[in-house]
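Structure first, then comments.
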Amino acid sequence: MNLNKQQMRILYRNLVRADHLNRMMYQRMLQGKLIGFYHPSDGAIAPGVAAASFLNKDDNLSPHHRGHGITHMLSKGIDIKYYLAEHTGKDTGCCGGRSAFHFSFPEHKVYMMSGFIGYNFAPSVGWGWAAKRRNLGQVVMNCSGDGSYGQGRAHEALLMATNWQLPIIFYCENNGMAIHSEISEMHPTEDVSSLAQGYGMPAMVIDGQDVFACAEAALAAIEHARKGKGPTFVEAKTLRIKEHDMGTPDLRGWEARSEEEKLALMQRDPLVLATTRVLAEGVLKQDAIDQLHEEASREVQEIEDFADSSKIARPSEEQLLAAAFAP
Amino acid sequence: MAELTLVEAINRAYAEELRRDDSVFLVGQDIRGGIFPHTMGLVQEFGPERIVDTPIAESGMYGVAFGAAQEGFRPVVDFMFGGFSYVTFAEASVTTGQYYFLHGSQHPLPLVITAAVGTGMRLANDHAMSIHGTFAHHPGIKVAMPSTPYDAKGMMKAAIRDNNPVVIPWHMGLMQERGEVPEDDYIVPLGKAAVKRQGSDVTILANSVQLKHALAVAAKLEGEFDVEVIDPRSFVPFDMETLLTSLAKTSRLVIVDEDWESGGFAATVSARVMEQGFDLLDAPVIRVTLPNLPVPGGYMEEYIAPNPAKIEAAIRQVCA
Amino acid sequence: MNLNKQQMRILYRNLVRADHLNRMMYQRMLQGKLIGFYHPSDGAIAPGVAAASFLNKDDNLSPHHRGHGITHMLSKGIDIKYYLAEHTGKDTGCCGGRSAFHFSFPEHKVYMMSGFIGYNFAPSVGWGWAAKRRNLGQVVMNCSGDGSYGQGRAHEALLMATNWQLPIIFYCENNGMAIHSEISEMHPTEDVSSLAQGYGMPAMVIDGQDVFACAEAALAAIEHARKGKGPTFVEAKTLRIKEHDMGTPDLRGWEARSEEEKLALMQRDPLVLATTRVLAEGVLKQDAIDQLHEEASREVQEIEDFADSSKIARPSEEQLLAAAFAP
Amino acid sequence: MAELTLVEAINRAYAEELRRDDSVFLVGQDIRGGIFPHTMGLVQEFGPERIVDTPIAESGMYGVAFGAAQEGFRPVVDFMFGGFSYVTFAEASVTTGQYYFLHGSQHPLPLVITAAVGTGMRLANDHAMSIHGTFAHHPGIKVAMPSTPYDAKGMMKAAIRDNNPVVIPWHMGLMQERGEVPEDDYIVPLGKAAVKRQGSDVTILANSVQLKHALAVAAKLEGEFDVEVIDPRSFVPFDMETLLTSLAKTSRLVIVDEDWESGGFAATVSARVMEQGFDLLDAPVIRVTLPNLPVPGGYMEEYIAPNPAKIEAAIRQVCA
């Protein structure tokens, strides 16, 4: 599936936005202007942009936890200012400031995050079941890391999705690490997607640094699912340039990762690669690119202003108790 | 009005709700064919699209209900035996309980968790444990349990129509319990206790099989003690008002609960009575519960489960 | 791996015993002389006999739940009278009459049963871990049904066993059913062992009605594991001739299984097939076979006498509470 | 004697037990490198054979501990955050709790479950929930929680040497709490409460971070109320004797517990006091707990968690 220029521009623009937003989150965390923790997405923004940029509004999306799903959500058209407000404990936050890093945009079919790695698999089966029963061509984009496939829940979802031929894309953003653990120790084969073989599920392995390659794979899998042909496993090999979680040391096993290693990874930054390509293929000129960066800076500014000018949520215990159950 | 068993009453609730609302469906393991008779005949009427069997994969199975509920369906997820809900407990308790509230109280999660529970089949802990107390410990989830066929139908219908996750365990010891069940569309509201017998000497709070025992003991002690018997029916929300009204009259309370002494629902009620009804009491509240032992199987469960003799002894103690 | 005659005789003898014991359990359940439930093993006794007959005493065994593990336990040298006593609530039972259908023979490294299907997988990882760390050539024989591989726990065990190259045999007794569910609806490929491909784990599919074929596979997998070469998946295709659980209707999906179907299955009864073979190959003569049956009848009689003459366990609540924790 | 933080004290307990007994080992996720500092330096001394990292597969990870314990090892299994134990709750609670007793009390299961718990990090329910109450509800498992670095070391050592499954959560709010920790090999026996402050007007039972709050409030109210403060330390077994002895003196009790009101440990203690100490009481026992809400994150957890102001208010109420 070849991308047209319009599609490439959408992807590139979202990549720029994702990059700016990740930097903003990192900065704010350093400055103590973010609640809880932040898992930086440096080097790993291409798969999420590709997975979510061409979903329909009524497709279900479960964002990967890295970068706290911002990459995915902005690409699906969600206004991140409500998430930043949430992540700073403000009453304008998407969950009223109650959820810390969790999020919910039900009108965009991004229902939730749970702090349990692997939580995404079982609900995806439910969304896929609902989509199949409704038969309106909805798909489920289930994004999570290589580590999440350790969970038994992943198996149950792969099994049930294949049994029922559900329209689910198992989109694995494989950065080769889970906290300090290397995938070579935690998974026995070269590719996580080898698991798909066990179910007879089609699988693709792609370069996760190449947003365009990722999008081609995502679009193919989405089309496959929309046509009722069942699930696909897409494995994007990506990188983690920074530490797992800000404040946690950046180790491989129990030794520090070297700075050279990380410098080498930066050479394969997805935005660097995509820029070379859009310029070379005449998809965008440099001034258009500059403009995208300016727009993204402005977007970041607006997002931060919104969050910063919002009030800290201060409901009383009684108000909270009154909100515990749905009417 | 028909005489039905408790499982037949649940079956009626399912059938009526499935007919009424296309978004209602059932998911479980082997519920099409049935392990217990409560799903009998449903697949024939509603088809395997709405009576859904899954592999032995409790998380995935629960995910069907959870995800579909977010999508606007109204699933009933059947864990067969209550203990099996623990296989996916992170989802069934934590993720479920926090979904609505933590995410800003904007999007409901209408689903029903059900399962068979209780002693009497001699199957031991993993097949006999109660779950109402554990679920009641985890906020964001309603929990209720029927004691009669009438309540079973009305409570299940209320749960299916509720916009929150609701856990409805039913006790295997009541499977063949018979009672009048109207054919109309009625509900038993979640959160309302039922005074099953009026009395002035002592209140017994008892549910499910233990309610039967309590009523039998109350009848037996007639003349000696005038026993009021209350069925809480719902644990979350709990009808404290009905209980305190009763205590204002009797000043004495025995709580019977087929769950462990430590951390069970009986402890919660006793602690609440301590805080809200201390001045009403003429004697300490006594609990008749399972001792803190994994439920043994075989004959042994009889030695440790609450029973009429223990209830009678508690009444005598609290009235002494 | 070819079996010698001595091995064939051991297998045949255990098959006869398993057959007699299963009949006894079925009878007793009908007569109300058994506590709880019973899941008859008719048609399905060959895999368990093969899996357990050549284990060492210090190898770990997790018996399949069907037939309540009796087949496996007797083949490992466990005296079943303590289990029948348990299953009838007697104080001479292997768990003091407390456990109903559960069992425990720690000195034989059959530690437990839990009522949760799939419970076997995670502890097997622990036994395998311990065996590897001790490095004494112990192996773990992990027996369970096709249905149990629906559980996410199975995936976690397959993953960790391959990562660490643990000496575990994943021995799947695939009778094509789980309660009323057919495997064709519950698993997407022809063989459950296709799952092993996902991990790069070696797998074999064998005729589960042929106790000798099962034993050859088991012995090969055991040897592989003992030599430190890691886990193997062995899938024995077997049959369920009777209902899932006594008292539950015998359905396929939601329709009754036909009597013809079950009659056809009986043609492939493992004892019938094995008898033909031992006679044809001169492993056993008819009078030796008759004698094995007589011995097995006597064994059953002794087991029943032991259970029936034992007393119902009647500890007080105080005695039970005093036994709650280990000193 | 060194001044150590609570996590350093746990680290010492691990190192000493790993040195003492080759059957002791640790299993978890990324404990070699460490998420929290309590495992720091251990892999360097003991190697990856005894400081074992697993994939993100809580059941499999727990299985390493469970199976190895049956094989005679003495594992400590670290769930990172307490809520993650729910991912494999069927095993961690039911199968674990029933193993020894149900199977005839013949074969011990010596393992330690540990994890970080508690509010204060603003991470919300799944990362902030308590687990001691839930585990205490399930029989066959011991549960204790350290409030000081001294207790952390001695309690962890006791747990590792115990022949039963023991759950030892530790509160993130005490991570950097400093205190004297002897270098000797001492243990803090499971099941013994500690009277942290003598008093005659009212007893406060409080643990972990809330013990700090309780002691601060007691000091603040000095002169006005003479407050006795007891740290239960162990929930199962629970030292009822020490509590009743205190109540014989004070006649008033406030229980502070960072767990939900419904089904939490505070309810159990209140109910037991009702049954065993009713006549000692001059006022109803009051609980200061989390309200029945999934723990919100952000600033909001502060609005609902027990704190010194709420404890003080409870003291004033119970002494009124």
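All chains are identified by letter, namely A, B, C and D, in their written order; residue positions are counted from 1 within each chain.
In the analysis below, a contact is a pair of C-beta atoms (placed from the backbone, for glycine too) under 8 Å apart; a residue touches a chain by one contact, two chains touch by 3 or more.
In this text the structure is predicted, and so the values were computed from the model without any measurement.
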item	value
Given chain A and chain B, the chains that contact each of them	C, D
Centroid comparison with chain C (C-alpha atoms), farthest chain	A
Where chain C and chain D are represented by their mean Cα positions, the distance between them in whole Å	40
Whole-Å separation of chain centres (CA-atom averages), chain A against chain D	36
Mean-CA-position distance for chain D and chain B (Å)	30
Touching two or more other chains - residues of chain B	54-55, 57, 59-60, 83-84, 87, 90, 94-95, 98, 101-102, 124-126, 139-140, 292-293, 296-297
Touching two or more other chains - residue numbers and ranges from chain A	93, 98-99, 102, 114, 116, 150-153, 155-156, 159, 163, 185-187, 320, 324
Topology of the chain contact graph, where touching chains are joined (line, ring, star, complete, other)	complete
Contacting residues of chain C [partner chain A, same complex]	150-156, 159, 162-163, 185-189, 194-201
List of chain B residues in touch with chain D within their complex	83-84, 86-87, 89-90, 93-95, 97-98, 101-102, 124-126, 129, 133-134, 136-140, 236, 260-268, 270-275, 278, 283-287, 292-294, 296-297
Residue ranges of chain C touching chain B (in the complex, touch as defined)	35-37, 86, 88-89, 93, 97-102, 114-118, 147-148, 150-152, 178-181, 185-187, 248-249, 251, 253-254, 312-317, 320-321, 324
Chain B residues touching chain C - in the complex, by the definition given at the top	29-30, 32-35, 43-44, 48, 53-60, 81, 83-84, 87, 121-127, 291-293, 296-300, 303-304
Of all residues in chain C, those that touch chain D in their complex	60, 93-96, 98-99, 102-104, 106, 111-112, 114, 116, 119, 121-131, 133, 152-153, 155-157, 159-160, 163, 320, 323-327
